[in-house]
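First subunit A sits with subunit B, and in the next complex the same chain sits with subunit C.
The block that comes next holds the complex of A and B.
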């Protein structure tokens, strides 16, 4: 690992205030807030892919949008290349945007239905050239540039004048990729880039992403439900639960030898294709607690079978997990819990992301109450 | 079916053909309403007139309604739009009035677009906040104002404060011929700048009242469709490109939101035309709205032929406005095919 991260967040938090109720106004109590992202500190090295997994509502997407400055953080810092960018505004922010691009989940909603393919891909280039004070390339030059980039994302070069609605879901997602890559960013936030696509197309898009990363050396934040996709494409993975990172480390270490009880449950909930390798189900009971003004203490404690008194006192800090280096876990009982033999959890699956293992956050079968 | 010019021509042709039955229906209804509503009208219209006048009137109106309609309709097909009871032909009034009304309607449509739509964007961008509430108060008060109340209030209170004229199209008879019967256009064609300014001053109040009353629909539709578009990811993607908030709102989001607004503005044409009847009468605007007011007997004997003619022209206006909106809809949205 290089010492200087490309992007680093320090105790990054985002709260969405709720409208004050009548009683709150009457008693002059402060408005309550949804703590979507709660004090998250993560770092991405240049050229690295960090997977971000967790169930719906765990704050993955909000974190991605904070990194790309689509949301403004409530508190905490974002350092990009050592520079604090959390407070950039106006033209400085707009010029900075060339460094980070986002690929969104919804292939339909993420493309302007009124623009042609070449206009979608060319606009970021034009805007950024202008912000740098350069002269805007001519229309013909721009079309040529766009045409040259289309094959890199697997689009035919002659689709310049088509509209987004003329493409399939995979084709649209490729246009999104072309748009994101057009300004040569250093980080792309991939917000569930494949979850709306069918299985064969998912693999194509992921392969394309990996190839482009090798060629260009940029970093990805891969936000997904799909653990198989993370195993395939990511170098490291962070697991989020209720706005906090509970475990982070190398993909192998975290997915094959999870330490945090929540990660264990998440991995155990993955359905196995091979019945002989099915493992004892690891159950979590209870509902997911609310994100509105959470109580201090481990967020997972109310549902955790290993929770004890110290868990409920204060937020557990991320600290090195026993054993592997660079593997951090936010559990005060990591040593004891990590040592508990997680029955059949230790099998490794080298399968490419065929999508056979569906979204982790989907509720398990009747009878299992994981997540 | 597709998006070529040929498809557009076929689309327009079909729609114009559909116009014919609509117009026939409108003529039948207008004729029936005018002729059935007044039972034995002649003695009432001419209470003090001599026997000859009443007999002349009876000769026309005591025949069976279908026979009257047949006569009227065959006349109309031969290009004769009829006369008033006093023998004043209808067609010249219509020909001179339509451009004047069109000028008024287009001016107020223009105001609805340049004021109403940005207000809708403002309301959506600040949804639920003070700016949004102020916008809502503004357009709802317009919507809730009866046309005659709004017009009279403006004439009595606003016009003297602003020093704007409240009647007619020019302050003095123009020294140039009124070729198009659109006051501003005529003055411009004559190259007469003072008269152009004068015509604009006369235009602004009636157009503003008409716009204020009908603006709500444009603002509300824009706000609603902006709220549908703003959460879409392509708006975020536009922001990620480094575009300023203004460009994101007005270029990417509004252009997509306008698709709905355009359709609704086409439908609003009917409301605008209906509003002209009262507005033109109060502001003494020489359009067909004022002519409709006179034809309906407000100032004497009703003029059935004139009233039907105005209804037909209004119907034509509404249908054509919707056709224009549909064509614009296709131009704005590349996903639409003309058929």
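The block that comes next holds the complex of A and C.
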């Protein structure tokens, strides 16, 4: 890794406190909290795409929101360009925001239904110009600037005065991209940018994103369920489980030779075109456990077929995976289980090895706020 | 564009007619009001049994028991009733709407806003816990029956609904991604509130407001009806009050027009604002507005597409099914 990351988080955590229940108040117990993101340390190089995968409720989106300062972290640090930005407030924070933009999953809700395309795209430009003390550009100037940016995201330049509802899902997502790119950010947090689109449009949007990245040299945090999208667009990938990063490394290394049992399960769970293997799935049994005040120890241990006593004692640190540089994994038994390919686990699904069944029943899903 | 929906058009025309008529009645009454309220009509000279004349060419709505021209009376009440409806609904909208914005937008736990919004909402709950009409009646009973007391009573019972309505809309809108995106772009909170939140809640609130004018009139008339019979002559020209008096003094079987025409006036006004409100909803929303324009033959540019040629490796990669 190069020494100067664009953005770096150090033990970044976000807890959402739950309202105190009557019993807790009565017994004077402290309120419980949802640990959506639990001491995550990740770094993004300039111009790099980091994929962030994991199932719903693993804290991917919350992490993206922390990076873009849409949530305030409970603890930990975010350094942008070597500067701590976790404590920026007021006008300084608003001015900093031009560096990081966000694209959301929902193509309908992402765009104000009362604004025309040019107004949507012009708003960030106008606000940031004002924050920099410059004079606000005139209406005509602004329209011209927006018109010039529209072809870059694949929109016709003559749709300035249309409303968002007149576009298809892909068209709307392009408007979102145009808005995000309008202030020339250095990082864009892509929160499931293609999940709501149909497959051919997904490909167009991803291609467009990759082209724009090459042209402008900005970094992406690509949050998605779609492993294929990560494989196509990302340089590195981080796998999250219950608010923690369990494995991070180059896309090829992590997706082709996963070390962590959870990553193996995730890869093995992908649907296959090979009909002979269609029913042989390596399944993780049980629901994702609760994020409310998790117990120490590996978060995946209750569902892990390889879990042993040391796994349940302390949080496993993120450490270099055996035999690969820049590939980190948080598994105590990485050396022993790392070599087992996911496909081997597929066969064993027929006759599960002892200990596959989860030791702890899932006590229910966490709130949707962390998904 | 209003012509696209005949009912909307009717509502719009009715509201314009009502407002124009009300203004005329105030500015130059002789145009629309043939007999002043205090002026006795020619009917007074006929034998007392004919004092309640049924509708005729001279007196289109008939005359009442003191031989006043009912048409004049109904028209004279128009400006007052419209003003009452607009004033009460408008005051409730401004007061309740402002409080609703505060309660909906600044309610992050641990801030002053959270305390303020809790106070606003609990006060609202207290008012909503009373049946509003009974509360208004009680206030009027306590203050004595006059116009000011009635207005105060209705505004006091009306605003909590706007708090609830506006707060609900704010809560729904402020978590939409476009609000978050605006925040991520560095847009200030007040500007987010004005440009993204208020503009998007304006449509349901304005529609509710116009529908509400009719409801206010009916409620005002009801209270006026309850207390109205106790009022000594000369009666203030107000539709609810007329209904009340005539209903007591003139059984509907003997002089149906005395009940029918003031009631019709209330009905038409309430209906006009209801239809107008419906139409306003369509006009205010860019989605249906564009549809209305299109139905008149102006077509919007087709949405862009670069379909049909999925390019590059992503075509298979994103669509394919994994490693």
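We adopt the following convention: the second predicted complex is superposed on the first by the 333 of 371 C-alpha atoms of A that agree within 3 Å, B and C clash if a C-alpha of one lies under 4 Å from a C-alpha of the other, contacts with A are read in each partner's own complex, and residues count from 1 in each chain.
Criterion: a contact is a pair of C-beta atoms (placed from the backbone, for glycine too) under 8 Å apart; a residue touches a chain by one contact, two chains touch by 3 or more.
On a predicted model such as this, the values are computed, not experimentally measured, just so you know.
Colleague: Based on the superposed arrangement around subunit A, label subunit B with subunit C as either clash or fit.
Modeller: Aligned through their shared chain, the two binders clash on subunit A.
Colleague: May I ask you to decide whether A:263 touches subunit B, subunit C, both, or neither, giving the answer as first, second, both or neither?
Modeller: neither
Colleague: Report the partner of subunit A that touches more of its residues: subunit B or subunit C.
Modeller: Of subunit B and subunit C, C contacts more residues of subunit A.
Colleague: Taking the superposition as given, does A:39 touch the first partner, subunit B, the second, subunit C, both, or neither?
Modeller: neither
Colleague: Considering only touches as defined above, state whether A:68 meets subunit B (first), subunit C (second), both or neither.
Modeller: Both partners, subunit B and subunit C.
Colleague: Look at A:109 in the shared chain and tell me whether it touches subunit B only, subunit C only, both, or neither; answer first, second, both or neither.
Modeller: In the superposition, A:109 touches subunit B and subunit C alike.
Colleague: For A:127, is the partner it touches subunit B (first), subunit C (second), both, or none of the two (neither)?
Modeller: Both subunit B and subunit C are touched by A:127.
Colleague: After lining up the shared chain so the two structures overlap, which partner does A:244 touch, if you call subunit B first and subunit C second: first, second, both or neither?
Modeller: A:244 sits against neither subunit B nor subunit C.
Colleague: Does subunit B (first) or subunit C (second) touch A:171, or do both, or does neither?
Modeller: After superposing on A, A:171 lies in contact with subunit C but is clear of subunit B.
Colleague: Return first, second, both or neither, reflecting whether A:147 touches subunit B, subunit C, both chains, or no partner chain.
Modeller: The answer is neither, since A:147 touches no partner chain.
Colleague: Touching subunit B in one complex and subunit C in the other: list those residues of subunit A.
Modeller: The overlap between the subunit B and subunit C interfaces on subunit A comprises residues 68, 70, 94-95, 97-98, 100-102, 104-106, 109-114, 123-124, 127-128, 131, 163, 165, 176, 179, 183.
Colleague: Taking the complex as given, what residues does subunit A use to touch subunit C?
Modeller: That would be residues 68, 70, 93-95, 97-98, 100-102, 104-106, 109-114, 123-124, 127-128, 131, 154-156, 158-159, 162-163, 165-168, 170-171, 174, 176, 179, 183, 194, 199-204, 206-207, 210, 226-229, 231-233, 255-256, 267, 270-273 of subunit A.
Colleague: Can you name the residues of subunit C that touch subunit A in the complex?
Modeller: 176-178, 180-188, 191, 195-196, 199-200, 285-287, 290, 300-301, 303-307, 310-315, 317-323
Colleague: Considering only the defined contacts, which subunit B positions touch subunit A in the complex?
Modeller: 232-234, 236-244, 252, 255-256, 332-335
Colleague: Give the list of subunit A residues in touch with subunit B in this complex.
Modeller: Against subunit B, subunit A makes touches at 65, 68, 70, 94-95, 97-98, 100-102, 104-106, 109-114, 123-124, 127-128, 131, 163, 165, 176, 179, 183.
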